[in-house]
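Two complexes, one shared chain (chain A), two partners (chain B, chain C).
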Partner chain A sequence: MIWQFDLIILVFLVITSLIALRVRDLMSAAMILGVYSFLMCLLWAEMGAVDVAFTEAAVGAGLSTVFLVATILRTTRRSSD
Partner chain B sequence: MKTIGLLSVLFTGILLMIAVVDFPDWGDPHSPANSYLSTHYIEDVEEETAVPNMVTAVLADYRAFDTMLETSVVFVAGIAIFAILRSIDGTSLAGTTRRLQRRGRSKKEKRKGQGRNRRDEMVAAAEREAAKPDLIVQTTVRLLMPTIQLFALYVIAHGHHSPGGGFQGGVILAAGLILVAMSFGLENTLAQVPEKLSLQLGNLGVLIFAGTGVLCLLLGANFLDYHVLAAIYPATDEIMARSHSMLVVEIGVGFTVMSMLYLIYANLSSHGDLKKGL
Partner chain C sequence: MLDLIIAKFNYWVYIVLMMIGLYAMIAKNNYIKKLIGMTIFQTAIMLFYVSIGAKQGATIPIIDHHGDGGDHGEAAEAVGHAVETAAHAAGSLDPDAYVNPLPHVLMLTAIVVGVATLGVAMAVVQKIHDQYGSIEEDEVLKRIKL
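For the complex of A and B:
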């Protein structure tokens, strides 16, 4: 474990999650959530939980982003709140 | 309504906070997880199950009941999306989508008024242009697809020795199918892997997992207690029986996850009529 690396990833995690909450365009929010998942995957791999990191990369950064994008394209792109 | 929601959230939060007090402290050396369970898993897994990757052993053997219900959760999620979105006759859209579409259309009509036809024609032409199959994308996918599927099978089969397992492998298989659906069109993909087949595979996966457990019951052990299955496998002792059963169970998980995620994508991307994907 390298704590500097952990700290940088953690700061970026918080930033991406805040942006994903604030942004009005849902497509951007979906993309930023993908970035969030990828950072989470990095963090897990760095802490030694390779199995979890693998799952996060496949499910979080891969498929759930695809599902979100598909849903946004079929419904509406603008956030109403 | 908002106040009621806030109150219920607060109430549940306070209840959870009260329950947290009963948990062992963080890093408490006397908590059950730290006093004997983790050491048992770390030290004895390889002797007991002949599986070097202890994560797989814990997931598919010691906590197999947990994993079985997790697989069922994926299955139920797929069935739920199927039940909400799928329209068999192909005419009716799901309620929410239709409402959103109607609202969007009326706003657009109000705003644009005259000259809408030409704009609509241009949009339709652009959509036709975008819907044309792209040679570069299709060729790349055609080259990439066998590699993706082979890697997914490797992840499932090699989960005993390296990171991976049925869930990850199934997700990668589903991602490959979705890639094909995006580049070659949903209808072409559904002609190769029909909806009925994927539903059957999803059922089969849960059935394999639960069936392994029931088989253990029939042979006189506990549910999902694999060591008795040595009687069925040819020439294996009880330790290897556990290892092999984990592979069987992982294959079941892979079936369910692959077919259900693929079906979820098919329904989400086509309003549930499975006609025209993204």
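For the complex of A and C:
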């Protein structure tokens, strides 16, 4: 566990989560949530939880983003807030 | 005070992410935004659990066997040998050198449950869009009242 690396990733996590909730285009929100998930995966690999890291990379970042994009394409892309 | 903030920075960020997710689930009007908030909430709880198991200067929880590289000829003997070396290694194992793997296993389940929850929620959102023509909460509530 390298604390400098830890600190940088945690700061970026908070920033990406805020941006994902702030943007009005839902497709951009889905992509930024994918970035958030990959940062989380990086954090877990860094904290020694390698099994959780690759599950998060495959399921959290991959499959969740696909679900979100599929739903946005079938519904609407605009958000009011 | 500064020491408390820096040493427990994982826990501070976990609280912040959890509150961001909770805010999004309560205050956002769009259903997809609510679900993004739910995902952030779930990952915040996972961050808390994995942070419990992490230690300074510890490595990943995999025992490394040295030495038995060549003699994998007879399977039964190799298995017996592996068990013996594992039992031998367990006696001289330093638990402080490894990250605690128990929270990792719990969070592995939580990730899978999280993506299943998200999938069901997405299906419900698509049905709501078919029925009411909108995924904004206030418009859906207006159509329900009509």
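In this section, the second predicted complex is superposed on the first by the 81 of 81 C-alpha atoms of A that agree within 3 Å, B and C clash if a C-alpha of one lies under 4 Å from a C-alpha of the other, contacts with A are read in each partner's own complex, and residues count from 1 in each chain.
Keep in mind that, in the parts below, contacts are C-beta pairs under 8 Å (C-beta built on N, C-alpha and C of every residue); 3 or more make two chains touch, one makes a residue touch a chain.
What you see is a predicted model, and the numbers here were worked out from it, not measured in a lab.
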| item | value |
| --- | --- |
| Which of chain B and chain C A:Thr75 touches, first, second, both or neither | both |
| More chain A residues in contact - chain B or chain C | C |
| Partner chain in contact with A:Ser17 - chain B first, chain C second, else both or neither | second |
| Which superposed partner A:Leu42 touches (first chain B, second chain C, both, neither) | neither |
| Partner chain in contact with A:Val66 - chain B first, chain C second, else both or neither | first |
| Which superposed partner A:Phe54 touches (first chain B, second chain C, both, neither) | first |
| Footprint overlap on chain A, where chain B in one structure and chain C in the other make contact | 50-51, 55, 59, 63, 67, 70-71, 74-76 |
| In the complex, chain C residues that touch chain A | 6, 9-10, 13, 16-17, 20-21, 24, 28-30, 32-33, 35-37, 39-40, 43, 46-47, 50-51, 53-61, 99, 103-105, 107-108, 111-112, 114-115, 118-119, 122, 125-126, 129, 134-136 |
| Complex interface listing, chain A residues touching chain B | 50-51, 53-55, 58-59, 62-63, 66-67, 70-71, 73-76 |
| Residues of chain A that touch chain C when the two form their complex | 1, 3, 6-7, 10, 13-14, 17-18, 20-21, 26, 29-30, 33, 36-37, 40, 43-44, 47-52, 55-56, 59-60, 63-64, 67-68, 70-72, 74-76, 79-81 |
| Complex interface listing, chain B residues touching chain A | 53, 55-56, 96-97, 100, 104, 163-165, 167-168, 171-172, 174-175, 178, 261, 264-265, 268-271, 278 |
